[in-house]
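Notes follow the structure.
Note that the chains are named A, B, C, D and E in the order they appear, and that numbering of residues resets to 1 at the start of each chain.
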Amino acid sequence: MAAALAPIVLIAALLGAWEIACRALSVPSYVLPPPSAVGEALAADWKGLLASAWNTLAMALQALVVASLAAQLAALGAALSPTVHRALRPLAVALQVTPVIAIAPLVNIWAGIDHPERAIVALAAVVAFFPIFSGAVTGLRSADPDLERLFDLYGAGRGARLLRLRLPSALPFLLEGHKVAAGLAIVGAVVAEFVAGSGSAQGLAWRILDASHRLQTARMLAALLALGLLGAALYALFEALERAGLKWWRGR
Amino acid sequence: MAAALAPIVLIAALLGAWEIACRALSVPSYVLPPPSAVGEALAADWKGLLASAWNTLAMALQALVVASLAAQLAALGAALSPTVHRALRPLAVALQVTPVIAIAPLVNIWAGIDHPERAIVALAAVVAFFPIFSGAVTGLRSADPDLERLFDLYGAGRGARLLRLRLPSALPFLLEGHKVAAGLAIVGAVVAEFVAGSGSAQGLAWRILDASHRLQTARMLAALLALGLLGAALYALFEALERAGLKWWRGR
Amino acid sequence: MIAELDEVEVSYGGRAALGPFSLSLAAGEIVALVGPSGCGKSTALRLLAGLEAPQRGEVRRDAAPGETAVVFQAPTLAPWLSAAANVALPLELSGLTRREARERAASALARVGLAGREAARPAQLSGGMAMRVSLARALVTSPRLLLLDEPFAALDEITRRALADDVLALWREAGPATVFVTHNVEEAVYMASRVVVMSPGPGRTLADVASPAALPRPPGFRTTPEFRESVEQVSAALAQGMAAA
Amino acid sequence: MIAELDEVEVSYGGRAALGPFSLSLAAGEIVALVGPSGCGKSTALRLLAGLEAPQRGEVRRDAAPGETAVVFQAPTLAPWLSAAANVALPLELSGLTRREARERAASALARVGLAGREAARPAQLSGGMAMRVSLARALVTSPRLLLLDEPFAALDEITRRALADDVLALWREAGPATVFVTHNVEEAVYMASRVVVMSPGPGRTLADVASPAALPRPPGFRTTPEFRESVEQVSAALAQGMAAA
Amino acid sequence: QQEAEAPKAAEGQTPIRFATDWRAQAEHGGFYQAVATGEYAKRGLDVRIVQGGPGVNVPQLLAAGQVDLGMGSNSFIVLNLAKEDVPVKAVAAFMQKDPQVLIAHEGTGVNSIADLKGRPILLSDASINAFWVWLKAKYGFTDDQVRKYAFSPAPFLADKRVAQQGYVTSEPYTLQKEGGINPKVMLLADEGYPSYATMVLATDKLIADNPQAVKAFVEASAAGWRSYLYGDPAPGNALILKDNPEMTQDILDQAREKLKSYGIVDGGDQAAIGRMSDERWAEFFNMAAKEGVYPPDLDYRKAYTLQFAP
């Protein structure tokens, strides 16, 4: 019980210190508003924030599904053929280091001006792709060497080896990759909305940018808080999944 | 030998198809220039690109070092105390999902207008933090349960258990986390430069952005290519490190 | 001739681990390999299975992939599969339907005394049980070449004898050429048509003791003087080899 | 009394694994645990070590942390440490300097026949070698309570006997209360002051056979009629238990 | 530490740091020209120009004391400051006309801004609560026309139906040079859009403590602009090219040309460089307040002061 309270206490302490510092140093609220102001903004905006957060979450989840499928397919291809692996790896890295803002115009054109949500999903998927791909590639190579030897003996083909040995062996790494990718999908959706949203789209990005343009820092922080909560919730979900998955995997 | 050539052949084939497609369909060069145009841009710009790439790499490496230290310290704290863990986790996730652009103004003020490179390193470190933290947290919990039992029997304290069991056990996950983080540090440095490079920063970011605004897509792709090569080189380095590390770790 | 090691030598990182060592395995033969810990028995088995190549000498094999079954020294089970699924795996890989594979797996598990534990995961089994699952997986495929690395080491005497008879029964049915490593000299003499005694260090052949009786064993074989004599012979060779080292 | 199990029962996922089972271990006693595979021997050892709690019954222990040493059934070594570093680990944790710990580790490794392999990693050792490293790690700390789970199972007869005498020598020096699991009845009778025979299934005590002679063993003990008689007695209890199941 | 790193002022000079809203470009030409030709130094100022960028928030820099003066891009930004009670005022406007344009493809039946009703328009986020408000009010545009503009004209080129926002000095040239088209360009200011652009912002504190410095800065900047537009722009351009290596001479030349031909800086009256008026501010505020951007009782007069304007 005390342990469960600890983080709450810590957060409360941090907030208290922040509030006091803001008041004592009379920091102007457009630079850093006190938590009470953020709380007010939250209370005033919560309906809109909820709708925006839902919007962003929907985009992020779609992107995560797309990224997960694409990354795992690519990793499977790489595992089936070293040539594919050598060819895909630099492309995957290049994709990871490409800033969303650079390819947004091209993606916008491809998605069509009337389908900004397609562009957002595609861009966020690009952001979330790499950790899953990298985790899958590493995981697919992490099978117990003695089990690999047994599969040699059984004369297992590449496909069977992949499906029945390497893929299950990769599970812990895949779970870890998805955990990292979940947060990236969210931030990717937000950034994609910055550069590819429909201007009037109602995700969290719009709220953040609009508040920032208008110097309403408290409103911006409220939106960031909503974003953080969204991320934490998704992370908690994936962590629970990881725990359950690993428990199943290990058999105890 | 043939296998080593394969990716080169593949890339050459892709480039050839792209060139032919561009010419045959007469795609406007601001949408997608043919590789020959990118090559020309590269040839014309290579000196500047090299300097910019070096600049970006330096920022990314600094950010990676900062992120690596911070993430591992945080993960150690989390491993030492479940309370710290519960308190840190949501903060780490919130940090991961916070878009750089939203906190850039605050970081800019903190770093001071005369030190954009500090702001860039800080922002890129924020981007690269999470995969290392998450990998470290997962890795620190992945020790062989029977070894954990032995440490119970030896009456090992928390510190000793951490240093001599959990940290070495975490190595494979740490390596994987760093591999993902390396690319994020690069893209983080670029994005940070977009939003924090107040003039004096001369990395790849502004080249990309400016070329994109000016519809000089070939120049933009040349800069992206430089970025991709940078990322691929750093990734290759980390993959070699991972292979060597795992070999050392497994003892064969 | 199913498999043959011809003056093979193996070393790891410059340290000699085996050989020069030769072993020829005829069809339908059961060879027991005994020798001190670390002499290269597991290494020899890996060579016979074709899982490793020697630095010197030659390995000749006449068994297609899928015709060799191995039990490694440690139970090598997939943690994410149940005991039955682990045993069924090679069958499914060889093209049997899932149902048939599972049925055969269940009967193989029953044969090693694990009826009722089909659904258990490797992590939920005791050390001896896991080893028996590993053994069941090797026996279920009716291999032409059967390689067993201390398969009964983690088992009590009674289970051990029962399983030894089980392997012999399988051998009577299908006649796989078998090599098994054991530290139990009596077991070696009881089961094998030939006992090969290895020296310490990088293992060489110290003695090659043929069985005093034909397989299958006559009843009461363990109490015959010929049996005791063979056991003495093998033990003496072993002791001599270790004393020389 | 160093450790005691009082009518303990353990079950995993509703399936009974052990008990009700009782075992009391006096200071300086050596108890051998024999029983069929899967009867709960390893589980009983984990209870004695305090690594697991029973669903029913009570465990009483009188050994501080650091005073108990365990050899698990599988060699549980840190793959990233050399053999010597693995053995030195508990010493370093108990506060010895690195140099002294390494010295003692080297002599412990020499004692189990691994002189010259101090630098080898676990993955570079044979199965029996890894188990010996594990044993050396347990012996090096001079524990008050020593728990060994089939420590010699992967070893040849000669090494086995040498190590058994080694454990007895250690026991003479430091007198740790010892429980060891074995499948070798002769070994049990030779080493133990008391042999506890367990039933199959969820293990209970079937027989508790005291040694016919005091420890340390008189020379030629293995050939005395009392020795053979005890062996017969234990074997009979085992066979009876398995037949009843 | 701040002290130690602050730029050393020349003997007797007042150090001034001036933050612009973007990378160095012709739209900042007058300020660079004033530095290059010594207009600031002549008046006892040691001015350093700090380039802006996408993540640089000029009002926050001002508020945090990181710079002494900053650039306000348009009148909305300045009124936003007033609404949030930021103690900052506009002291001069160096663009009488906001260079904001709408751009449409030729031959699509668009001859004036009004013809864009119902068509998709690429707008940046910052525009939505700025000139878009004016467009909606004046022409009855609706929010469902809005598409995201991320400052790349490529999506515009890819679709003939689409219009986009832009700066008269920038996007039209890009479209012409790289896209090979001559689009229809419509300056909002020519249709009566009342915003100023490129204002100089000063903190209330600076205005109170050192009004002479502010005054000197405004005067010198006006001189710089006059010289940049009607004299030899080479000194200013050299500084711009040094600060922003991505900038090229042809872009600078055409931008300067547009600034002159559209009368962006002076509105056709050289004497008006830097000028602001109560009427124009009132007009702007009334427009925006009517559309609900600001509360009608907002004291918009605290957003600016005419004390320094020529």
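Annotations for the structure displayed:
Keep this in mind: a residue touches a chain if its C-beta (ideal position, glycine included) is under 8 Å from a C-beta of that chain, and two chains touch if they have at least 3 such contacts.
Chain-to-protein mapping (UniProt): A, B = ABC transporter permease; C, D = ABC transporter ATP-binding protein.
Owing to the predicted nature of the structure, the values given are computational and were not obtained by experimental measurement.
No other two chains have as many C-beta pairs in contact as A-B.
Averaging Cα coordinates per chain places subunit D and subunit E 84 Å apart.
Chain geometry summary: the mean Cα position of subunit A and that of subunit E are 37 Å apart. Our note on geometry: subunit A versus subunit C, Cα centroid distance of 50 Å, whole angstroms. Among all residues of subunit A, those that touch two or more other chains are 31, 101, 105-106, 109, 194, 209, 212. Across the assembly, subunit E contributes 57, 60, 64, 152, 154, 158 as residues in contact with two or more other chains. Chain contacts: subunit D has residues 74, 124 touching two or more partner chains. According to the touch criterion at the top of this document, the contacting chain pairs are A-B, A-C, A-E, B-D, B-E, C-D. Across the interface of their complex, subunit D is touched by residues 144, 146-147, 149-156, 160, 164-165, 168, 171, 248-252 of subunit B.
Against subunit A, the residues of subunit C that register as touching in their complex are 46, 49-51, 64-66, 68-70, 72, 74, 76, 78-81, 89-90, 92-94, 121-124. Considering their complex, residues 28-31, 48, 101, 104-106, 108-109, 112-114, 194-200, 202, 206-207, 209-217 of subunit B touch subunit E.
Put simply, subunit B touches subunit A in their complex at residues 3-4, 6-7, 10-11, 31-32, 82-83, 86-87, 89-90, 93-94, 96-99, 101-103, 105-106, 109, 130-131, 134-135, 138, 142, 172-173, 176, 179-180, 183-184, 186-187, 190-191, 194, 205, 208-209, 212, 220, 224, 227-228, 230-232, 235, 242. Partner subunit A is touched in their complex by these residues of subunit E: 57, 59-60, 63-64, 80-81, 83-84, 86, 120, 122-123, 125-126, 128-129, 143-144, 146-150, 152, 154-155, 158-159, 162.
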